[in-house]
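Down below is the structure, laid out as structure tokens.
All chains are identified by letter, namely A, B, C and D, in their written order; residue positions are counted from 1 within each chain.
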Amino acid sequence: MSGQLVPATSVRGQNGWQDLLADLKQVRASLLILAALLIFNALLTPNFLSVQTLNVNLTQVATIIIVAMGMTLVIATGGVDLSVGSLMAISGVLAPLIFLNAGLPGGVGVALAFVVPVLVTAGFGLLNGVFITRLRLQPIVATLVLYIAGRGIAQVITNGQLQSFDNPAFGYIGLGRPLGIPFQVLLMLVIVAITYWLVKRTVFGRFVLAVGGNETAARLAGVPTARVKLLVYSFSGLLAGVAGLIVIAINRSSDANQVGQNMELDAIAAVAVGGTLLSGGRAQVLGTVCGALIIQLIRYTLLAKGVPDAAALVVKAAIIVAAVALQQRRRRE
Amino acid sequence: QTLPKLAAKSTYRVGFAQTESNNPWRLAQTKSMQDEAKRLGYQLVYTDAAGSTAKQVADVRSMIAQKVDVIFLSPREDKPLAPVVKEARNAGIPVILLDRNIDPALAKAGTDYVTFIGSDFIKEGQRVADWLIKNNKGKMNIIELEGTTGSSPANDRKKGFDDAIKKAGGFKILASQSGDFARDKGRQVAETLLQAHPDANVIYAHNDEMAIGAVSALEAAGKKPGVDVLVLSIDGGKEAVKMVVDGKMNYVVECNPRFGPEAFKTLQGYAKGTKYPAKIINQDRDYTPQTAAAGLSSAY
Amino acid sequence: MMLSTAVKNQSRLLTRVSQFGVLAALVLLIIFGALRYTGFMSEYNFSTFLRYNSMFGLVSLGMCFVILTGGIDLSVGSVVALASVVAALLSPYGALTAVLGAMAAGALIGLINGLIITRLNIQPFITTLATLLGARGLALLLANNQGGVGVDPNNAAFTWLGQGNLLHLPVPGVMMIVAFVAGSVLLSLTPFGRHALAVGGGEDASKLMGLPVNRIKVTVYVLSGALAGLAGLILASQLGAGQPTEGVGWELSAIAGVVVGGTLLTGGTGSVWSTLVGAMLLGLIFNILNFENGKGVISLSPYWQSVIRGAFLLLVVLLQTRLGRRSDRS
Amino acid sequence: MTFSPVSASPPLLEMQGLQKSFAGVKALDNASLTVGAAEVHALIGQNGAGKSTLIKVLTGAYQRDAGTVTFAGQPVAFGSPLAAQRGGIATIYQEVNLVPLRTVAENIFLGREPRRYGLLQRPVMNREAERLLGELGLTVDVTQPLSSYSTAIQQMVALARAVSINARLVIMDEPTSSLNEREVETLFGVIRGLKARGVSVIFVSHRLDELYAVCDRITVMRDGRTVYAGDLKDISRLELVEQMLGRQLRSETRQTGFVRSGAGGQVLLQASGVTHGARLRNAAVEVRTGEVVGLAGLLGSGRSELARVIFGADQPDAGEMRLAGQPVQLRSPSDAIAAGLGFCSEDRKAEGIIPELSVRENLTLALLPRLARAGVVDPHRQAQVVADFIARLGIKTSGPDQPIRELSGGNQQKVLLARWLAMQPKLLILDEPTRGIDVGAKAEIQQLIGQLAQEGLGVLMISSELEELIEGCHQVTVLRDGQTVARLEGEGLNEPQILHAMAQGSAQDTVHP
């Protein structure tokens, strides 16, 4: 058998930038919508073109994007994670309990407050994974359990009471501004980069797509499907935990009833508007970022223009449908 | 039909149908009720409707089925709870309404329920407006952070404030959007509105939580809360009153959630045969930069 | 290659067992309640229970049909709210107008769902997530941002629909039972029901076998919308006001009810009656928790209640799938 | 190009100048097809030639880009398979397209259930279904879900469905790929019956023998074009294959391309007493290095199940397995892969391909961990492996980035084979590796298997084609009802012996110690 090699030039996937460009091309529908929204606002919304506007939007969208990164991977495996909002509440409730604890020396308490809650929510994410892989529950049902019970757990921990605090060291995650850039925005960028790299470059990323594309086939090809799912749901839980910390740091208070409310819907909408099919087998990381930005900009625009809440809901619904439809038309072409 | 009698006993089984428990005000109200019941040695049968009127109706009915002695009800809305109030009366259970009233066309105090204890939400809005009118520094541009869309405190606090402001003239409400009574949402909405309306110099929030969120938003935008922009709020929780003391907020109207003592006193009085008026309006304070420091220790 | 008769019968039996597993759980829970709480078995509690839970039953029925075809309808909660407002607004023009209006409003949102899903090819989850927002917005707009839209107090017929009795049964309960009987006939005795199941079991195959897949899908969403509309009507009549902010999270209760009833979210199989049992079971847990609280032995905060509800859901679903799977295997 | 006209009577179906592209790929390029009345028409061509596409365009599953279709004298353009069905065309599509969760009877009658007053008449439907299947020589419980039956039975159900639709034209896209010879005979009987009733049949198959057995006329497609049409009796097999491949052959390609070498070396795999539920009861098989072992048996005899158990995809209830003499317990496919096993399953669509992923990702899926350092994939090595195998196996694809779902069935199969060959396994298990693959590719694959064995690979191959087993295997193990009933090699390895063992050989007298 003559093992003939195709000349190396025809082999794709060598240049990282080309790769990135190709990916951006895939999500150009979302990019176009995003551009349209930006232009609309630049022309019609007063004071839109300013650094502070950028700051406001990026800080507000950071948590959605962070959670949506985990959601992208979960959805790529053909699942969905409804529990993210409740997990945010859990991490948000745990952190102040730790750093306000008098028994711990200041620095240690804050350090633990960053680490422990996130590990706990990752653990809950793992539990979601166990429900799905070991107990073989469908993802919607499995994560619905923690969606209901998770917030309850957070509320039980604090008996529903709001915890206020003023701790600059901990607050850095939500209020810090290295080089004038909000810290949570930097954190978000790092998490996006990591997720993108996971999907593009690692074996794990391919396995995620394979599990979502055809689980039986993946298993027969030696993909450790259960482990892949456990990891993905843990990752989602971990990121939800991080987002929870950011939210409470900005507000200098933790409210188990409110932290992360409706986050699952925002994150899923971001993923969908970003062009990832909910049936699994694909992951458009950059698309999700665009999707989240689109949703954020819609919200900003409607608020800034003074559109009443009720009407804003209708407009938001229409834009989500239009964006997803456009995205899919593109793909079919 | 008349109100059922309540036998004078040493202890009672008392129902308390709460509307929701997703904000500090409600939590404080519930705690106050629970503490007072415990102090008196009564058994409190507590339900939480989680923001659903339909569930609250079912909750009250389950209390009727359990034959509690008295029902304290914080009706989520003024019409839907009227039928169950009558059902309770017919089942021989007196009802005392807390913090929100029932449409007088559908149920009457003295015949259908004992009385209503609470504050007047419209009045609260008015009081905020009155303070602002009095402290008018000319050219006031207002951002209003509304409560949960469709909820009665949001509607009433808006109505009271807006009407008074309109009548006074010379004020402009630049934007009025819902912040859902929540700190985080209030902060985000305030951030956006401040960005879109840099000329705003007053923020009126329908509750403390949103006002505290607005203070964060102002700080993030590099403005001095309480100085560059006046911050006004309703509720009067400790955190907000502290902010008035610190000069970050300017005026807070109290809406005291500590219903326990008053509610149970009314119960005992009713059992003894005391007659009550249709409404018992709480004597709510307010906190100005001058009075806040003194009131801080007693704020809830 | 054929299964022996004995094995076959055994497998049938086990399928039954899995179907009746939830029913058994329901009966056990009722017995538990009857023994433990006074007032639990009263006619009053029974009718209260039905009045409130009939709305969940109706929404779950619609959801069941949607899920059978492999779809999902997240918009039902908002549709209930929208329909209740429509019913309240129409109540001065007669009870029938209000009934038809509420159901039409629901059906209209269902139609929009169905058309977006089939024509624009957008997945049901996303489509109905969008209409969940949109219908809520519409409800608030129609209600002029007020928390409640008063019903015409003079329309006794309208009030009867939610608050009246028929043959000693609450009217909403009767409506629910009638709807379930009709739903059951539709599912197991008409070609439409079989086709809906087929679409859920294999959409491409159904298309190649010549089924009008799109029409079937649109129909189930319209059905789900109309049933949510009926629930909205009951809501408005029972509360004497249209409720634009009601129904938050009902979609998840409905999904849970359907799943607890043993229907797979992937579509293709499922049963109307076990959905009813599933929905009632979830309602009963609320009722029992209320009574337990009233007993005062252990006073549970509402927070513990949601933890318990989550755990209960997990437990029932697990039991359900375990039993179901065992019957599959033999 | 002009083709000899059909007999005097006007044709039932005439398709002319058909065009169809998918995302720029021309699947049909001026294709034509003419089928006479009461005629059994063969449609052949290499994998990806466009046969299935032509059929789907006809039945309205796809909309054509250009061309005319005349059916029963009328120009038609069916908007959907339903319209085609109503118009008198019944179709069995290539991948069995039924609804697994619904019962057998429902699958047969879906869309045209017997009803009264708008209500379903279930007993009537079940009785009718039983009768229809009975006519095909099949007795099954029609109230059970279709998924509880094997691919072959599902294929027969699809057949029953097609036959029971009162159609003037029945299309069968590779109906025989999962049938055994007895069932193929039944099918032929059905086809002849249809013909006798004046119904025409379009029959797609890669097995030339079958074509000559039942077909009257033939159309050959290549690269989306119709390259030959005429009476089957006028064309020899050699000419037919030349038309298909588009090149001159020196002599007719042998049906199988195995190179059988001397018997193998040490024992590689030893499985004995394997039991799994009711489907496997005491099955045993042995493979040596460098040996191709065939696994024969009737449908449902447990061959696939045995393969799955060996590969760790299912856990046996009892049984012993040794690899290179060491007892092993494989708990999952990844265990098996780590132990040097590879497994190409029989159901390409459900268990093989990951449809959304590219050829590249599909091909290297199992290999990925080896192409990676610290979990990061090396794109250069990956690209190299892919390019290498695309060339070696002659995979027809527009490039490694093409999603595998866009490839024709045969080419998908090649990608899956490449997935395992790239692993350089010690033992390769192939379940029906040449099912649905055209003659050219089939010979190549068989040759490849032979060659790999020569290089020391052990192969366990399931096949329903006796010829393939006899010519290509050193040894054939026969299963019946989940039991190993015979192990044939050397002189004993011939068709009558295998058939005998498959059909009635008893475990006691034929099993070798």
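Heads up, the rule we're going with is that a contact is a pair of C-beta atoms (placed from the backbone, for glycine too) under 8 Å apart; a residue touches a chain by one contact, two chains touch by 3 or more.
Listed by chain with UniProt protein names: A, C = ABC transporter permease; D = Sugar ABC transporter ATP-binding protein.
In this text, all values refer to a predicted model and were calculated from it rather than measured experimentally.
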item: Co-neighbours of chain D and chain A (ABC transporter permease) - touch as defined; value: C
item: Cα-centroid distance, chain B relative to chain C (ABC transporter permease), in whole angstrom; value: 34
item: Where chain C (ABC transporter permease) and chain D are represented by their mean Cα positions, the distance between them in whole Å; value: 44
item: Mean-CA-position distance for chain D and chain B (Å); value: 72
item: Multi-partner residues of chain A (ABC transporter permease) (each touching 2 or more other chains); value: 160, 308-310
item: Multi-partner residues of chain C (ABC transporter permease) (at least 2 other chains); value: 140, 145, 305
item: Interface hub residues of chain B, defined as touching at least two other chains; value: 21, 149
item: Chains that touch, pairwise; value: A-B, A-C, A-D, B-C, C-D
item: Of chain C (ABC transporter permease), residues touching chain D in the complex; value: 1-3, 8, 185, 188-191, 193-195, 197-198, 200-202, 204-212, 268-269
item: Touching residues on chain A (ABC transporter permease), where the partner in the complex is chain C (ABC transporter permease); value: 80, 82, 131, 135-138, 140-141, 144-153, 155-156, 159-160, 265, 268-269, 272, 277-279, 308-318, 320-321, 324-325, 328
item: Parts of chain A (ABC transporter permease) lying in touch with chain D, wherever the complex brings them together; value: 1-6, 8, 10-14, 201-204, 206-207, 209-210, 213-214, 216-224, 281-282
item: Contacting residues of chain C (ABC transporter permease) [partner chain B, same complex]; value: 37-40, 42, 44-45, 48-49, 51-52, 55, 140, 143, 145-148, 150-151, 153, 163, 235, 238-241, 243-246, 248, 286-287, 290-291, 293-294, 296, 299, 302, 305
item: Chain C (ABC transporter permease) partner contacts - residues on chain D that touch it in the complex; value: 59, 61, 80-86, 91, 93, 97-102, 106, 110-111, 113, 115, 118-120, 139-141, 144, 148-150, 153, 161, 299-300
